[in-house]
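Presented sequentially are two complexes of chain A, the first with chain B as partner and the second with chain C.
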Partner chain A sequence: MTSAFLLDMSRCIGCEACVVACKTGNELPIGRQYIELIEHTSGTFPNLTGGFQNQRCYHCSDATCVAVCPTGALFKDDGLTRLNRDACSGCGYCVQSCPYDVPKMSDGRASKCDACASNVGGGGSPWCVTTCPGKALKYGDREEILAEAHQRVDTIKGRYPNAQVYGETQAGGLGLILVLPDDPETLSIPADPPPTPASANLWKNWVQPISMGSTAVAVAGLGVLGVIARRNHIAEMNEVEGSEEAAVAAGDGSEGINDA
Partner chain B sequence: MPDTNGDQLLRYRRGQRIIHAVMAGSFLILLFTGLALVWSPLAFIAAGGWSRYLHRIAAIGFMSVPILYIVFDRAGAKEIVTESFKYDSDDVAWFKKMYRYVLGRTAEMPPQGRLNAGQKLHHSAVMVFSASIVVTGIIMWGFKSSLSASMLSWTAMIHDLSMLALALLLVGHIFFTYVYKAWSSMATGYVPKEDMELEHSKWVEELEHEGAENTPA
Partner chain C sequence: MARVELDITRRQFFGAGLAGAAAIGAGTSPLAMRYPDPPWFATGEVTTTYNYCDMCPWKCGIAVQSVDGKVLKVDGNINDPKSRGMLCGRGQGGVSFMYDPDRLQSPMIRTGERGEGKFREVTWEEALDYTAEKILAIKEQYGPESLAIFGHTTGDFWFTDYFAQAWGTPNAGKPSSALCLSPRDEACNLTLGYPVGGHEPMDWDEIECVTFIGSHVGEDSRNTVMQDFIDARDRGAQIIVVDPRFSTAASKADYWLPIKPGTDTALLLAWVNVLIEENLFDREYIDQYAVGYDELEAHVKDLTPEWASTITELPADQIRETARVMGQRHPKAAIMPGRHTTWYGNDSQRMRTVFIINSLLGAYGRHGGMYFDKSPFIDSYPHPPFAVTGSAGGCSAEPGEEVSDELPLGPSGKARADGARETFLRGATAMQELIDPMINDDPYRIAGLIVYGVNLLNSVPMPSRTIEALKKLDFILAVDVLPQEHIAWADVVFPEATFLERYDELSTVPYKTPFIQMREPAVAPMYDTMPGWQMARELGLRVGLDAYFKWETVEEYLDTRLRSVGSSLEKMHDAGGVLIQEGKPYLEDFGDESPFRTPSGKIELFSEELAEAGFDPIPVFEPTEEPPDGYFRLLYGRVPVHTFAKTQNTPVLSDVYPENELWINEDEAAALGYSNGDRVWLENEAGDRTGPIPVKATQRIRKDAVFMAHGFGQQSEGLTNANGRGASDTKMMSRYKLDPISGGAGMRINFVRLVEGG
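== the complex of A and B ==
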């Protein structure tokens, strides 16, 4: 079982209660927020279309941010993308790589929604879900959320002919299932975000561990070999000199090793 | 400074020693501050941002090495580049017996010039991987925001692999410095002649030949 959010944009009234609840509930400092409401309008008055883009983490299954995070600060858990800020080095690769432009830098570290991991872990709900007055947000089992999303789309099709479920397949399947009244592009959401590049997985899963491991092995191996080789070299030099004193020193390897 | 000092031979001129110190110092800072970016136990150092500034300052120091070399010791710079990429039959024979050198035994190694074959390989590898780490570093420093996720990961991967190669070369460098008691040579510039006769006999012969030529009849 994996969890997911349902975000029904046909019900979002743009009140920003979720923004405030998220910020206060998570005790986010000034300048830092996980949700941003962006109003999109197109057309000419009075024939205007558009709506609110509820910009927040999409919790991709195929999460590029997780793939490029060198320290493992970003990771997948229960189908959602969590962030351990203590492990974040602030490299900014996630900010650069996210197809939805979600993570931001704050106080030198990455910042993004972690689906209220502490609240949910204690049996509660994410702050935004608890607060939403329009019932546009829901949190629960992903399969149930998907079924409800499809049901909602069927219900609103008469009013919004282009209504659709977004997030079932995009980026490997999102942890944020959207009910969109119109095509995703109308809210500046990419219809088909690019997959995580193979190079990111190669770098994170192979190059980095092999680099760390081989360096550690080289240090340990040559450290031991160095003691043996230096004894050999001292003995050889003493042999070349041919002096009796040197021959005695060569017999006591520890003396030679400590005279660096 | 004379080329000899009793039974010591001058191996590293003052300019070379200063350039070596700049390179070693900047490289160690780059290694440590770079590690802080990718290794979570050190992430707290990088997260505040100051180590990333230090990384950039050290990068300028590292990139200045070839410029310093050319400005202060043009002949030395030319010498190290040409010597590092030129191998003769003695060098090939040396590689075949390299395991003996690794074990601290030089008596039966083929005769070597100022740089032995391993040092040539070390220097040439340092030049190649330094170039790749500098190019990828500049890309990430100045153009990170213009890179796609794929380009960013390729650039970071080449940067990391270059640093892996340089770190392994450093481990080897420290290993041989310890085994062959060479710590002081880069501080004073002088090395014992008897060591050089064993390890770099062609170079000693060359120096003696030059000395004989310069001696008035």
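== the complex of A and C ==
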């Protein structure tokens, strides 16, 4: 049994209660956000349709982010993609490889929805689900969520002839099952995200376990990855901000870069 | 209930009484091993207090979770009929509002010139004594009526209602009246004999067709309305949205009518025409409950969809079809009364047309239409008769109750200074009409002002006129949580404890099932702040109003009231923070008694009262002024995570939506050489400028108007997040048009153009 979210876009009214509940429930600092609502519009005035893309983790079964994560900070649990930020080296591979463009770097580490792991562990629901005034969100057993998604699609076909379930098969099956009023592209969601590159899986399945098995190798590996990570991060900061501090930090390689 | 159980489950899971980290370390889940930081609810005993949210005027019941004296989370109270366990983003931001580092922390007395913002911190004793001395001097010299009291948000009761009535000024006002609700409530009074009531009593559970005229459900994130709207729509209710802008609501609608701004009454009259011509209305209901049908029928005879089409720029077929969609579903169909209805200065007549249509649909008191709301029963705390009754005006009557529209008189015999009965017919105090008397002493001098929680320079139109008034007043007391722009003009500043830090008056909610909500503090007031009830009481005791403040503590006040309904503070807390009573929602609950307390005792399609006062007894379409070449009509509204000009500085909400955007038709923007994200300034016809604001070039709006969220573009250096962010709609309002029936200030008659630089 695995868990999943149901997100019924026919019921989402774009109020962003989920966005703020997620920030407050997870005590995310200013600047960090796991859910972002992006307004979409199709057509020209006055023949328009519109909706909100909920940009948030899709919890892929074949999660590229997990495959490329060198430290095991990203891992699968209960069908969901969790993140232990303490174990994150800040390499940014997950950011670069996610087919949905979800993880972000924040304070030098990866940042994304972990399905309120700490909250649901005690039997509760993720914060976004409990607060949603449109009741567009649900959380539960993935099989039941899928069945409900199909039922919902049948219910809304009258209003939305092209309604469909999204996430049953994509990326090995998602932990975020969407009920979409129309084709996913109308909300800039890829109909079929690119699969995890074979090389990443190879690395994940063979190289990482071996290296993690040996403390010495792991430490050495992390050291190397740490340097790569720092280099990537600094390059990114220079590119984005061109800030003097970042350049200085790059020069002396100080640990303080995460706070810069 | 489920919420409470969840908390217990969580605590059990993490091991009650154990340190969170240790509990997690010892947890059975391998997952727990990977999370070194315990979540907030595992770091100690979670205390739940009950409250009603103050982040918008809707007042959802909330459960407030604290650990070790720190408030950590608010959630919808599962027992509350309005929140039902859910809460919008603004409500979720309540904790951040309380912990905003920019809060006013100490009472202050001005040291510099007015407007300079220079103060010295003083003790409460000094601030209260000084204020008492100043307002007593005003009373001595000019009479008690010369103190005006403006108030907004939930705690304003203690100043705008209680203190004002005890003190004896009829010049108390709230922006929620003449800057918002007045036209709809006075039109409802004139038509049905009672005001709409705070919660737009639509019978969502059974409704089959809902029409919005400029209501932005979704962007206006009133929790209950969003829940009910989505459920009704999911059941198959037809949704009709009339809006110059493709709002979120429009994106959920079955019919979107992109109307030309200012022409709504023409559309509404054409709908009346179709309902009558095609016999799609409830004739039996009208015969039994309404007067003036024959006059109405004759009045709309030529007001066809074709006639309205040329005015509204909507296809006649669309007008006809939407009227049929409504009419075929009567009485389970209604037009949402909406809230902010002060648009063009003829707004009461537009709103009367809305209520006439709802009446033709037979909606009032019918299942699936508009139910009759009822206020909960509870006694007041005993007090001597007030010196003035109904200071802030307003209309508290409910269906079946007599509406009093008598003008309150002050103890020295002076009536309200807002021009009521002279420049406008009836209704609550028109707050914006009290500004001129402050400047030119006409009809008499207003010498003092207490402003509680109103963001004065970012909500009242013509802010430069307001500043002129602020310069001239003898005394200004500002009560607030944050250093809003107008604070710099105050003589004394009282910093208030937020809603999470204080007891407050009970919230009595007129509803299908009337109910009472409590507010109890989650933590003690931070800094040197004080709850509003305590400020009002301390001030009252210093100005000779002891008899009105007999209670020693607010707990005693609240307990006394609650005992009249067999409860108490403790019992109410144990019951989950809410007391629910029985309502009287449908016609059948009234028996032979009429719920319509108009002069005729019926729904007045034709208004004798308006005819006698020289107004059109049946609404007539009046064109509104068009924008000059190169200018756009300025429309304003909401974004879901902000309320009024109140939450723009709240850290978590500012993080999600830091500045407003200027919606402009994509083709118009291109013609002007602008594209998405370009930062522009706005200039009105008077030459005032505001900005910069990023352009949102979109197909979602007509070419003759621009739109932006209200409340941004504030200018106060004390507001780290709000200062200088975005553009201010209020600062573009160099004029407004007074609605001669309700006293409402029509504000959508201001035109702006896009310019470079401020």
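One rule holds for everything that comes next: the second predicted complex is superposed on the first by the 206 of 260 C-alpha atoms of A that agree within 3 Å, B and C clash if a C-alpha of one lies under 4 Å from a C-alpha of the other, contacts with A are read in each partner's own complex, and residues count from 1 in each chain.
As a working rule, a residue touches a chain if its C-beta (ideal position, glycine included) is under 8 Å from a C-beta of that chain, and two chains touch if they have at least 3 such contacts.
Predicted model only: the values in this text are computed from it and were never measured.
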item: First (chain B), second (chain C), both or neither touched by A:51; value: second
item: First, second, both or neither for A:16, with chain B first and chain C second; value: second
item: First (chain B), second (chain C), both or neither touched by A:172; value: neither
item: Touched partner set for A:64, first chain B, second chain C, both or neither; value: first
item: Which superposed partner A:87 touches (first chain B, second chain C, both, neither); value: both
item: Chain C-contacting residues of chain A that also contact chain B; value: 86-87
item: Partner chain A, residues of chain B touching it in the complex; value: 36-40, 42-44, 46-49, 52, 102-107, 144-145, 147-150, 152-154, 156-157, 160-161, 163-164, 167-168, 171-172, 175, 178-181, 183, 194-195, 198
item: Residues of chain C touching chain A in the complex; value: 3, 6, 9-14, 27, 29, 31-32, 34-42, 72-76, 85-93, 95-96, 217-219, 221, 223, 226-227, 229-231, 234, 236, 246, 248, 250-252, 254, 256, 258, 640-641, 651-653, 655-657, 665, 698-702
item: For the chain A and chain C complex, residues of the former touching the latter; value: 10-11, 13-17, 19-21, 23-27, 30-31, 33, 41, 43-46, 48-51, 75, 77-78, 82, 84, 86-87, 117-119, 121-124, 130-136, 155-156, 158-159
item: Touch list for chain A against partner chain B, complex; value: 64, 67-68, 70-73, 86-93, 96-97, 99, 107-109, 194, 196-197, 199-200, 202-203, 207-208, 210-212, 214-215, 218-219, 222, 225-226, 228-234, 236-237, 239-241, 260
